[in-house]
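The structures considered in this document are given below.
Below, chain A partners chain B and then partners chain C, in two separate complexes.
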Partner chain A sequence: MTGVTTRAARRRMRRFDNPWTNPKLFCGAGLLLAIVALGLLGRLLWDLDLVFTGSAPLKLPPIGFENLRGQPGVPAHPIGTDGSGRDMLALIAIGAPNTLFVGFLASLIGMGAGIVLGFTAGFVGGRTDDTIRVLSDVMITIPPLLILVVFQSAFGDVSLTIMALLIAGFAWQSPTRLIRAQVLSMKQSGYVMMARLSGAPTHHIMFREMLPNLVPYLFGSFIANVTTSIVTAVGLEVLGLGPQRIPTLGRTIYDAISAGALIQNLWWWWGIPTVLLAVMFIGLLLVNLGLDEISNPRLRRLGR
Partner chain B sequence: MTEPGHPDGGSRIHETAGVPGTTAETVHTGSGRNRGRGGPVDSMTGRPVLTLRELSVDFPTPQGVVQAVRKLSLDVRLGRRVGFVGESGSGKTTTALAIMRMLADPGHVSGGTIDLGGVDMLKLSEEDMRLARLSRVAYIPQGAMNSLNPVMRVEQQLWDAISAHEGRRNRKELMRRSDEALDSVGLHPRTGRLHPHELSGGMKQRVCIALGMILRPELIIADEPTSALDVVTQRQVMQTLREAQALAGSGLILIGHDMGLMAQSVDELAVLRQGELVEYGDIRRILGNPGHPYTRALISSVPLVGGKSFLRPSSAREAPGSRRPAPLLTFDRVSKVYGKLTALHPLSFTLRGDVPKIISIVGQSGSGKSTLGSIVLGFTHPTAGAVRFEGRDLRRAGAAGKLGFRRDVQAVLQDPYACFNPFYRVRHALAYPYRRFGLARDEAHIRQRMEEVCRTVGLDPDLVLPRYPHQLSGGQRQRLIVARALMLSPKLLVADEPVSMVDASLRATILSNIYDLKDRFGISILYITHDLATAYHVSDYVMVLYRGRVVEAGPPGQVIGNPEHPYTRLLVDSIPWPDPDRPWGGSAGPEPAADHAHVADAPFAYRGSVEGFELVTR
Partner chain C sequence: MSRAAPRDRRRDRREPPATDASDQEPVDIPRKAARLRIPPGYLVNRLLTLLLTIWIAATLIWIIPRLSPVDPADIMLGRMAAGAGAVQDADRILDQLRESFGLNDPLIVQYVKYLRNIVLFDFGLSTATFPTKVSALIARALPWTLGLMVLSLLITFFIGNLLGALMVWSHSPKLVRIAIPAAMVFTSIPPILSGLLLMWIFAAKLQWFPLAGAYGLTVEPGWDWAFAASVLHHGFLPALSIVIVTFGFWALGMRGMMITVQGEDYVRLAEAKGLRPRTVLYGYMIRNAILPQITAFALKIGLLVAGQVLVERIFAYNGMGKLLYDAILDQDFPVIQGVSYVIILMTALAVFLVDLAYPLIDPRIRHGSDG
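After this line comes the complex of A and B, so read on.
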């Protein structure tokens, strides 16, 4: 019995040695890259003009299936078309990377603000700290969807970047709190004390001594933020808000629902974007789990 | 696991192994051949409560299997106290965890038996083992006092222990038993109604002992129960532990690395080294006639007040003195007040610095000694008075002056584990300040200087510098910090408890390194400590701080060798010595809490002066 556990344990340890052989991180990154690849290959190999309304026959099923009118799928539109004559493949080749882009951009902006505010609050302290802390605490209690719905309906049509910015307005609070807490505890640590004894200027202590130790937290928090941002973005799009003229996965689901795709059994219209969203979330989750496993510096080996 | 063997540990032992002892059959080679011990058995009364036979513990790692404990065999009898002594990594705690069946994955018992009062612990089911923990064998882990639940009252935590093993009990009985348990460790029942943050360190440690004893286990394992406490509190806690154990009549395993503490607290001693039992027997026998060179090294590493110097300075040559235009450090009626608490009463002294001196500042935790150190380093600003370094007030200095001050005043801090940024290889800690202070000509110059100072403190630069901090032992890290100070050659070094978190066997080495800084490199040192025995050996002048006031000051031979003030006497009496016959922690010493009025009223004692240091006494 002990022999088996020992061998399993040793295998588990060896897996930690090289971060890039971590299977979770590898699979997760693979799934996310597949979505990016879908967008790139789509642009090279497929006619993306097919996203325009009426560029194809309506409601065609994927190859090998029949729709309610008995029409079979055709090779010109391998995964079918939607209710206004748009090719599904072209739709997701543009929509899926767009959704991912909104999530990453929103999270990136949110993290950037979080790092700056968190470090300022933790390092400067006093009134500045109070202001930032109260602000982020108050913002955390406001449900983002509520505000965003109001904003978006007021703005009408928005671009992807504006949308990402709006979502980023709700993605900076938790990184701010996390980093502030870490900075406060690190400020007391021996190595920061040693750095001060070494005459290190504040920016050195912040960015060279503290920040590297935060990298695991930042990565984890970043990926988690991407997930929440995508959920928020898709939530808005499914409600019919967000960009009106640019295809996204959420927008496609909204169109399908409002055209009665569920009743007409047009499953490919809403089903394919849903599956892609699921793939995206599973990919992000795996990346997060993988990063968790490898980010412990104690497991780092003696390098060259 | 990845911790490399200390290169220093081995060499030290060979140095001290000069005296050939009568090597009796004391060394357990693990073959089981020596199991039938002759002499000491007669003196051991009581049936064995714990029997270990050929116990081995393995930790598989990517680099191969590490044998943390190798074929360990020994008995613990009812009513006896057995000490496990050895440096970190010797397998003391691992053995204790194996007995508790609490080894961290992937460690496991790879051979041998653990028998607790006739029950084979390795064969118990998980549920039976859970019930056996605390009720039959209690483990008080290192730093247990910090693991009390902060949101629960002390008595509720005691009740939890009872109801987890005996099911629901009515409140009256729980109350009675928790009060009894607290009483047995000398705490008032009122303490039970408090939350952990309202207790002092010593009280928290006593609560942990009460928690361990509440179900009257046959065996108690205390893992360095006093490691974070100062000498006075250490003595009180050890006294409590011994009394509680005697009351319950159970066996006790005391884990530690300080031979002095062991000598004053246990009946039998097991010396462990790299997972092997190198010596086992009656404490008096081992202290009187240690059989193994490693044991002798451990005993000789304990500094004694009045004994011959345990330091081996590498050079007897005094650093050349130099005339300074202004005294190195001047305190002019410096005081520090935090709210209602006065951490430091007005204090004035002048350290000339013409000839380097080591000034010791001793006292318990809370005596204001760390505040004093922090003021010298410029991290804390005094409430009143002025600190002048080379005649200049730091607070009026410009940016260049501040950087110069940083270069000239360096520190060795208490916790070597926290002093290195885990993100960088350890050479960062040495190279960065060197570059920052503009001392480096080029990269090759930095490398050469780093290698030089590493060798000076007895470390192999090729082995140490390219590593990450977690790959080095505490002793190696602390020596690197000393090397860092040496590399910057400051004019003043503040050493705040530099050896309190380091294995006893390495203390002498590190203190010798620090002593060398003064002797060979002409650096004046403020040595802040609660350990009077080391202060006795290293310092030129000693100031005893009590509640922010200097109560006794003078050359160490007089102040520590022949203390006048009752507080100094209390500190000296609290030092554990490797002498089992010396009264320590018994009824002989006065109870300090009751004595505070007496201590506070005693007149201050100023006992002469040394050249180059002047304490203004009024």
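After this line comes the complex of A and C, so read on.
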């Protein structure tokens, strides 16, 4: 009988009080999934060879609009074509997931490095801690965009993965600081003392006792880093750096601005990637706000 | 570093820091009267961090191009060939160029020379506009960047913090409390995207504002009204595109702090005393909640700078961003290095100044030097 009531109570708790059923988190994740879906469906349903230069007429508008030369949009290119005859739909179906991929990969690598460095600094202490702390303090001040500009203008073309790796070189500082601070404060807490007194090995304390408590922070930091990484990647692309041959949203905007699309009223050329990037950032922000509310109940109460 | 660092660690062990990124430790009651001076140990610590930051950045900027297979003398020669059709004695000129860039010295000599030059803000000569000094180009662009940055930063700091406070304040109109969070969703996008949208609507479509440049082609730079009006007219859209996407950051942080401050005893007491709600908001709540925002600024400035570089690039604003973009197009390495170095230096200096200003603003803060 007790089993029944607890199960009912648990179900009730899950329905009303489970912090993970957060509307902001769901909306944000939905927007991000929509962009992934765009990439997947595009690969299944659309001819992605249209992404090559000259595979379509130049500067066609989306369906229902006319461009300056009076050409109407055609169903073969439902959201228009760009100035060098590439189909916009194919371009964004490849470009949007690419941009997201760079952000997630860079943030993932940064996060991994941050977990290792943060735990090392917090646990080992001493000179190691000093070195890691000072390095992360120093590196957090340097804007990644400028170092990467120097790098890419010296090396020329890079692949998406190399670009993600380069950005990851600037994505480890804030997780490192966050985890180090949390580890230092958790070291003093009762349950860690208890675990230590009962002779648990260090890796058990690290990964079984401490890490689960860090999950909401880690997610929040991860998503914030994805945003920063994408901003950096797009920044490089808009300056004309980054991958030169692989379509990305930033590269499309660069091409559009360089060709004077703003003055020629080719709004779909720069507008569609801009809106997609905005959707991406709004999705990431909503996920982050949702995670904030999950880890900070005070904000949750305010939202209701 | 070594003098200040162990103290810092000891402090961390004794009283673990919260998630707050600030490196300082609040004390409930100052023992003596508010001390408006910066402890020397802290000063030395921050100064060493500043120097270390500059040194690491300068070294990265120096090493990276040397790992690359691209030879600046080659590019220079290529440009001469493109300009003149053909170049006689290519090898001899190449050698001369290498010599003038100092590329024939041993690496360590080059590095020491480079460090000495960079301290003197001597970045060599621009290869695209050949005999021009890089430092002269930067000196021409820097005031525009600084002006735009300081202006947009002040506006966004003011608006953002006020809106963030109003979101939590129980007396603010209901509309404000609902509308601001909704509007803030759009502040997650980087300034380059808002810049593009604003440029299209107000410059390309409505033609209320000019499309490019920092002042009109018809006005002569000088201290007169026509020039000032032209500068404001041209600067409005770039500043606006930065402001509308950055105020949300401050509003969010302020909201978090206000929620904490809301429950404090002194706010309750002020309300119980019957002070006007407005007095309580400005004199008691915002005054206390705004302090951590100033440290948040130190962490945010890198992103702000990068964002502004890109805004300047799309608006062709005569600042560092445009200089950098033109240099990338021309593969003008000395300019790229110089601009990157100066922007990083500015960022590091700003962080340093914020760190120093903090104990002056908030006397409750004591630094690890006398603990």
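Going forward, the second predicted complex is superposed on the first by the 274 of 304 C-alpha atoms of A that agree within 3 Å, B and C clash if a C-alpha of one lies under 4 Å from a C-alpha of the other, contacts with A are read in each partner's own complex, and residues count from 1 in each chain.
Assume a contact is a pair of C-beta atoms (placed from the backbone, for glycine too) under 8 Å apart; a residue touches a chain by one contact, two chains touch by 3 or more.
In this text, all values refer to a predicted model and were calculated from it rather than measured experimentally.
*Asks:* When the two structures are laid over each other on chain A, which of chain B and chain C touches more residues of chain A?
*Replies:* On the superposition, C touches more of the residues of chain A.
*Asks:* By the touch definition at the top of the document, which applies to A:Ala154: first (chain B), second (chain C), both, or neither?
*Replies:* After superposition on chain A, A:Ala154 lies in contact with chain C alone.
*Asks:* Quick one: is A:Met193 in contact with chain B, with chain C, with both, or with neither? Answer first, second, both or neither.
*Replies:* So A:Met193 only meets chain B here.
*Asks:* Does chain B (first) or chain C (second) touch A:Val36, or do both, or does neither?
*Replies:* neither
*Asks:* Now for A:Val124: first (chain B), second (chain C), both, or neither, which partner does it touch?
*Replies:* In the superposition, A:Val124 touches no partner, neither chain B nor chain C.
*Asks:* Hey, what residues of chain A end up touching chain B and chain C alike?
*Replies:* On chain A, the residues that contact chain B in one structure and chain C in the other are 298, 302.
*Asks:* Help me check something: in the complex, which residues belonging to chain A touch chain B?
*Replies:* Within the complex, chain A contacts chain B at residues 2, 5-6, 9-10, 13-14, 16-17, 189-191, 193-200, 209, 212-213, 297-298, 300-302.
*Asks:* Can you check the complex and tell me which residues of chain B touch chain A?
*Replies:* 58, 60-62, 65, 105-106, 108, 110, 377, 379, 402-403, 406-407, 410-411, 413, 415, 417-424, 429, 432-433, 436-437, 466-468, 470-471, 481
*Asks:* Given the complex with chain A, which residues does chain C contribute to the contact?
*Replies:* Those in contact with chain A are residues 1, 5-6, 8-9, 12-13, 16-19, 21, 49, 52-53, 56-57, 60-61, 64-65, 67-68, 70, 168, 185-186, 188-190, 192-193, 196-197, 199-200, 203-204, 211, 256, 259-260, 299, 302-303, 305-307, 309-310, 313-314, 324-325, 327-329, 331, 333, 336-337, 339-340, 343-344, 347-348, 351.
*Asks:* Can you list the chain A residues touching chain C in their complex?
*Replies:* Against chain C, chain A makes touches at 125-126, 129-130, 133-134, 137-147, 149-151, 153-156, 177-178, 181-182, 184-185, 187-188, 217, 227-228, 231-232, 234-235, 238-241, 253, 257, 262-263, 265, 267, 270-271, 274, 277-278, 281-282, 284-286, 296, 298-299, 302.
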